[in-house]
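Listed next: structures, encoded as structure tokens.
The two complexes that follow have chain A in common; it is paired with chain B in the first and with chain C in the second.
For the complex of A and B:
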């Protein structure tokens, strides 16, 4: 019992509740439990350890894996039967028949637990299934308990005519101190990760293994990262990445490991830049702030990494991403035209693209109206569809030179559609086809820059 | 009772806990109140079994008021009085499991133990099949048909809308023909169930409704829910003294003065004890040997019962129960609460604490999980929620997309230099996280605004429209109780609808 509490920090209350509810092996189990809590709060971990500790017969069903009822029923039955037989089970009725058979063969009142992980997926199935599982105990003669694990709260589960309510358990998020404690548990693995990837002198190694060093790093780390992110998994990942950088100057003997303020000054900008990569899982091995000492770390990394790196590098900024397409000159203009057509109202085209569009007086009323719907800018509402005619008209308006409308040009449109920069049909039908530009402002301004075009000047929102 | 730490008390408390858990979770036979309704059902079933009459009725009552328990208790009673095995066949169907008529028919065949008779026979219609089943029953030795009792739980699920209600039609039809004595009982919690029936089904139904309402006892006089709660509390938590009766006989060491008390109590015991005990049938169903409970000491049970009686008088407990009955009258929920109370018992904590009860009741009745979920968000995510809330306040609850939320958020973070700036992709991730937690929900009819062409109507994720799926009150509550919330966010939340 103590072991569990030591292994799973900061979940004492929840563990105690679980152990209480599941009780002793000769006691009846509750009909159903509903375990909820945000992501990465240790719900599944707590359940597995408790069930293993109690040594109850249990089946874990991941509702993503078991995406159809049939697969789920069969998973339950194969999980419960001792011998490996292929069970066929199509309906709830058969499932319950099989469970009853199982119960008749038992001579004791053995506890059985069915855990439905990611139970929010159950909502995609027939509603009967979940309501039946909520009261499975009533239908079969087993001492069975169903546990639903999900990140949603019970209110998000709607039942048309109601259902038997489960006992609810909530797992709150870890707070800063708890996160510190939990990440600190893995201090050894962090250091090992570091020492395995670098050639380090013995005495420096000892320095690195000092828990205070890691504690200091973690404090600094959490002070930056706790605000935008509370996800333990993500924090652990980011800590692993950043701890390496934290220790670099120590490895190179530039900063003493007990010089905290210097270390902080070293790490603060790094943390800030890596904050920008939170959740994105981009391996940025070439951040400008890095020092040359990093290089031996690079060479240690396996070669297969490299390809992915280049790809991620491109994703890193929209600019490089946009350039990676290497679009031809006219295609770029076509894309810009498409963007403009998508984000400008058609009735303003005349004003935006014609040289002599006549005077337009700004009425006070208009100005006011425009200020009021500041939030409803075209760029915020998303792209609108446009016809091919309009696209070509804008294209010729923004292109200074005169070129003929050739099939080559039209083929460019098909290419853009193929590249998923424009949404629409691939076949070009002059009359009916409609398109929509599905790239962001960042992308288009990067493209426009290469041909020396100012997109902002032609966007109605910014005039 | 103070030598708690020895092994004896450990087994005592474990036995007690087991017994109480069994009583709370497994006892589906005991039924209280609603005497007239129970008699009604009892009459119907017993008449069709004993006299071969045909009946149909609907038992209607809200969830967790004891409809199934009523049926179970009646069947239990009849099983004691009549020879159920030879005289009748009881077929239980549940709308949740037997969704379509085919499965229902299969299940009926199985429950009538007629699989062999049916074999590979192919039937044209449902009615043909059912009448064959009935005729099989008739062909017994004495040519006398067994009575059938059909119990249809979740009756409303059998009234499939859109499909024909073949099963119900046939069952009700048989109750009118002289084919076989049959009693059809439907159990449902939908009061409008009659409107779901087809016309031909409705006309064959006897229109006998039996309503079960909680808080109404046999005389029809309103009984306060608090009283009911208290009664169940005592009823479920008290232990029958008879379990340990033998020990009393074995230990005549008691002082003379107490003897008289014991004998006095014995008078009550016989009436009250049966009320507290679990019936033997339940125990055998649970494969529990009742002998093990004989190890319970008389003194222990006595002091336990005294403890329960004293705790019921506690004003704090009464307040808790009152709060509970204020929220719900669902007996099932109350049983869950009792189960949680009992499961907290352990050798180191042999008595019930009122504080535990109150926290359990609070948790069941108003868990406020949504507020807790909001509080578990990171500051960035909470800011997005607030931004969205403000935006929706301004535009009268119109849905917003990511760009609009981002616009509001950047407006806020630009005015407050102290907030760390995070790049757009990270904010988008946070936004998606909110969607994952279903704090914001996509608007389904998004496409109507745009052109509904299939290829172009798919909107990019930045422009998908969302609405806030949590009430503003909950956000307020969450912000109020948020731990270490930066002041500027609190200020922003309270102040500005910029």
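For the complex of A and C:
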């Protein structure tokens, strides 16, 4: 008992509840439990530890995996039967028949627990599946309990009729102190991770292993990261990455391990930049064994180095994102044309793209109307749908040279759709297909810059 | 005609007793092959294309090897480190930024799979977006490939695999779930007694490749990643994503809780235009290539590449098409072969073929130069003509050798010049040089002028590079005469082209190089005076003295500059270069028999390579006969309708009417 509490810090209340519900093997189990709480709050971990401790027969079902209910039924049956046999089970009644058969075979009233992880997926399945599992006890003569684990609350589950309310159990988020305690539990593994990857002198190693150092780091780390992220797993990952950086000056003997303010000044900017990479999980460790030197190898290496540097920028700004990959020349113009078609009203096309469009008389009314529209600029309103004909017309208007409408050109539109720069149907049908440009102004201006084209000149908003 | 029920059905099916059997299916193919293989041109084409294909394969492997090695090393590393990764549910994954040229990726990924199979693990699956319309399909495909890809390899590699495992896991596709994969993996690797195999071999990574990330449905991929992540503790799975645009695409389509399950390492592949340049420069734009494109055709190919699709596979296929078009049905094109085969092919030509060659346009200027007797001999005496022909073809090959050498030299000299009026890459230069006589053009003259201003160090460097280029072309032989002995005034170009030409250029360049290197002293003196002048200028450069400065500058322009030794040599060198290029860079269409080796029929190829749907419809509507090629004689028939739909119907009727009697 004590072991569990020591292993799972800060979840005492929940563990006690669980044990109260499930604990006594001579009593019947509750029909169903509903465990909710945000991601990485220890729901699954608590359940597994408790079930293992109680030594109940239990089956874990990850609902995301069960793209068809058949897989779920079979998983339940194979999990419950002791010997490895291939079970076939296509429908709910077959499942219940099988469960009953199982119940007849066993003599004692043995407790059985079915855990449905990521139960929110059950909502997308057949309506009656979840209702059935909620009252599974009533259908078969087993001491069975179904537990649903999900990050949604019970109100998000909607049942038409006759669902039996489960007992609800809520796992709250960890607060800062709890996070600190939990991450601190893994201090050894953090240090091992560090020492495995670097070769370090003995006395420095001892210093690194001092818990105070790690505690200090963790304090600094959580002060930056606690606000944007409560996900324990992500925090652990970021802590691991940053702890290495924290210790680097100590390893290099630049900063003493007890000089806290200096260490803080060293780590603060690093933490801030790595805050931007939260959840992105880019691995920057270099592959140590470079391929044996070929002629290409030499030329490639400086390039590689460049990539490493630009990668972060690329993630952060759209401009470098646009420049990071190269499009064919006409594809760029097609993209620009698509953008213009999406963000200009069609009736202004004549004025924008034709050379002799006649004089535009500015009536007072128009000016007023425009002033009104100006408050919500087209570019801020989001893209409008356009037809292929309009796209091609604008494309030919902004392209200076005359080229034929070739199949290669049309294929480019499909490619742009494929690359998710334009949304629309992949098949090109000259009459009916409609598209939408789904990239932003920053992106298009970066693309336009590479072909020397001024987008602003052709945008109705900026005239 | 009784069996036709209605015109409105559109299809007239006449059962003619044709049975689909394997035997009959193969026969016509064989016939075609046999019929083709008898022809001379086909032999040559096949042999040449195989040559090019092999070269391509080599180059392909060479370019991808670095990148692939990196990825494979990464996968290996993960495989080893997997045991002591403490964080749960994190899938190690590699992201390969491939660039937007999607047709090329297939080869790249196939090479990657082969490499991984060889070096790391036999369990590799590649899932295309078409195979993964739902999560179910996705998982089933992945698991099936992981389980069965192994067997295919094992059967070929070694025979002594446990047969019971094999038979046990011959499972149907709809039984493939991750659970089955897990149990399969455990029976395969865990249950085996560990003493049999070493520990490192015991656990082999499972690699799943997703080559076209962008075209996947996001939700499906997310689910898949989540499923895998719950198993990653038990199964060493590695994901490899092929992303065409950029890493952000990955993050855009994955929400946080999914992307935090991945550990992403990014790899960049070569930009495709670099690869294209390599392909063109190393394979097609060399004198060793048996087949050459004229400037116009070449420009068409590169334009399609640069402006439309960025696909190297595409450009290779277009060139192949040009080659087919060049060779097809024309025996005289069999002369377009390797140099050492010319004599043999010339002897194999029939009298008709020789007659065809006499009709070539480029033969006329050659004829006009000859005296009367040879003219008559050329027409009457086939053997004499054969002799002349092979001689001329050898000349042509010599010319090609020199032409490419000069282009390479020119590119070396022009590459670093400001403004780049001629273009940077060899392909650009080739287009320019083969379309017109480049030495007469303005950009060429400008760049030669700029060359005349180059600094000593730079010039020495470029000459060294040029020498490298020549040495690459011809094997280095020990020089018999030390070049320093050659007097500069003796440097004149002999009339011959080809290998000798290259050799003389090499000797001359070496001479110039030495002279320029030695000329350094004099110039430094000269620059000193230059410095003085500058100092003077600085003194003058006080406000108020603008008038004086102007005067001084004017004076400076009037003073005849005394040429230093370096400058003299430099101008001589540039003159020499001009002479070389004027000789070497004659455009191909000035040569005799250029039609045989250079492909120039752009217009017919253009129609096939760059299709234009609206143009095609227009032609079909205005001139339906154009596409109904069968019936050139029909159009002359009375009462042939001009409206396309009617004419189509007419042709159908006509053809079926023609066929009826033959069928019976």
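The criterion applied here is as follows: the second predicted complex is superposed on the first by the 320 of 463 C-alpha atoms of A that agree within 3 Å, B and C clash if a C-alpha of one lies under 4 Å from a C-alpha of the other, contacts with A are read in each partner's own complex, and residues count from 1 in each chain.
Just so we're on the same page, a contact is a pair of C-beta atoms (placed from the backbone, for glycine too) under 8 Å apart; a residue touches a chain by one contact, two chains touch by 3 or more.
Please read all numbers here as calculations on a predicted model, not as lab measurements.
*Asks:* Which partner does A:268 reach: the first (chain B), the second (chain C), both, or neither?
*Replies:* A:268: touches no partner chain.
*Asks:* With the two structures laid over each other on chain A, which partner does A:280 touch: chain B (first), chain C (second), both, or neither?
*Replies:* Both partners.
*Asks:* One more residue to check, A:185. First (chain B), second (chain C), both or neither?
*Replies:* It touches nothing on chain B or chain C.
*Asks:* Tell me which partner A:152 touches in the superposition: chain B (first), chain C (second), both or neither.
*Replies:* Touch partner of A:152: chain B, not chain C.
*Asks:* With both complexes overlaid on chain A, does A:326 touch chain B (first), chain C (second), both or neither?
*Replies:* second
*Asks:* Examine A:404 and indicate which partner it touches, taking first as chain B and second as chain C; both and neither are also allowed.
*Replies:* In the superposition, A:404 touches chain C alone.
*Asks:* After lining up the shared chain so the two structures overlap, which partner does A:354 touch, if you call chain B first and chain C second: first, second, both or neither?
*Replies:* neither
*Asks:* Could you list which residues of chain A make contact with chain B in one structure and with chain C in the other?
*Replies:* Touching chain B and chain C on chain A: residues 39, 279-280.
*Asks:* Using the touch rule from the top, collect the residues of chain B that touch chain A in their complex.
*Replies:* 14, 17-18, 21-22, 25-26, 28, 63-64, 68, 94, 96-99, 103, 106-107, 110, 156-157, 189-190, 285-288, 330, 332-333, 336, 339-340, 343-344, 346, 363-364, 367, 369-370, 372-373, 375-380, 391, 394-395, 401, 403-404, 407-408, 420, 422-423, 425-426, 429-430, 433, 436-438, 450-451, 453, 455-456, 458-460, 462-463, 483-484
*Asks:* Provide the residue numbers of chain A that touch chain B in the complex, in ascending order.
*Replies:* Per the touch definition, chain A meets chain B at residues 20-21, 23-24, 26-31, 36-39, 41, 91-93, 96-97, 106-109, 128, 131-132, 137-139, 141, 143, 151-156, 161-162, 164-165, 167-168, 170, 172-173, 175-176, 224, 226-230, 272, 275-280, 375-376, 379-385, 423-425, 434-436, 438, 440.
*Asks:* Touching chain A in the complex: which residues of chain C?
*Replies:* Contacts found on chain C: 62-63, 65-66, 69-70, 73-74, 77, 84, 86-90, 92, 97, 99-100, 102, 134-136, 139, 177-179, 212, 214-215, 223, 226-227, 230, 244-249, 251, 256-257, 259-260, 262-266, 268, 271-273, 304-310, 610-615.
*Asks:* Which bits of chain A are touching chain C when the two form their complex?
*Replies:* 39, 62, 64-65, 67-68, 71, 75, 118, 186, 189, 193, 196, 231, 233-234, 236-237, 240, 279-283, 285, 287-291, 294, 296-297, 300, 303-304, 307, 311, 314-315, 321, 324-331, 404-412, 415, 418-421, 430
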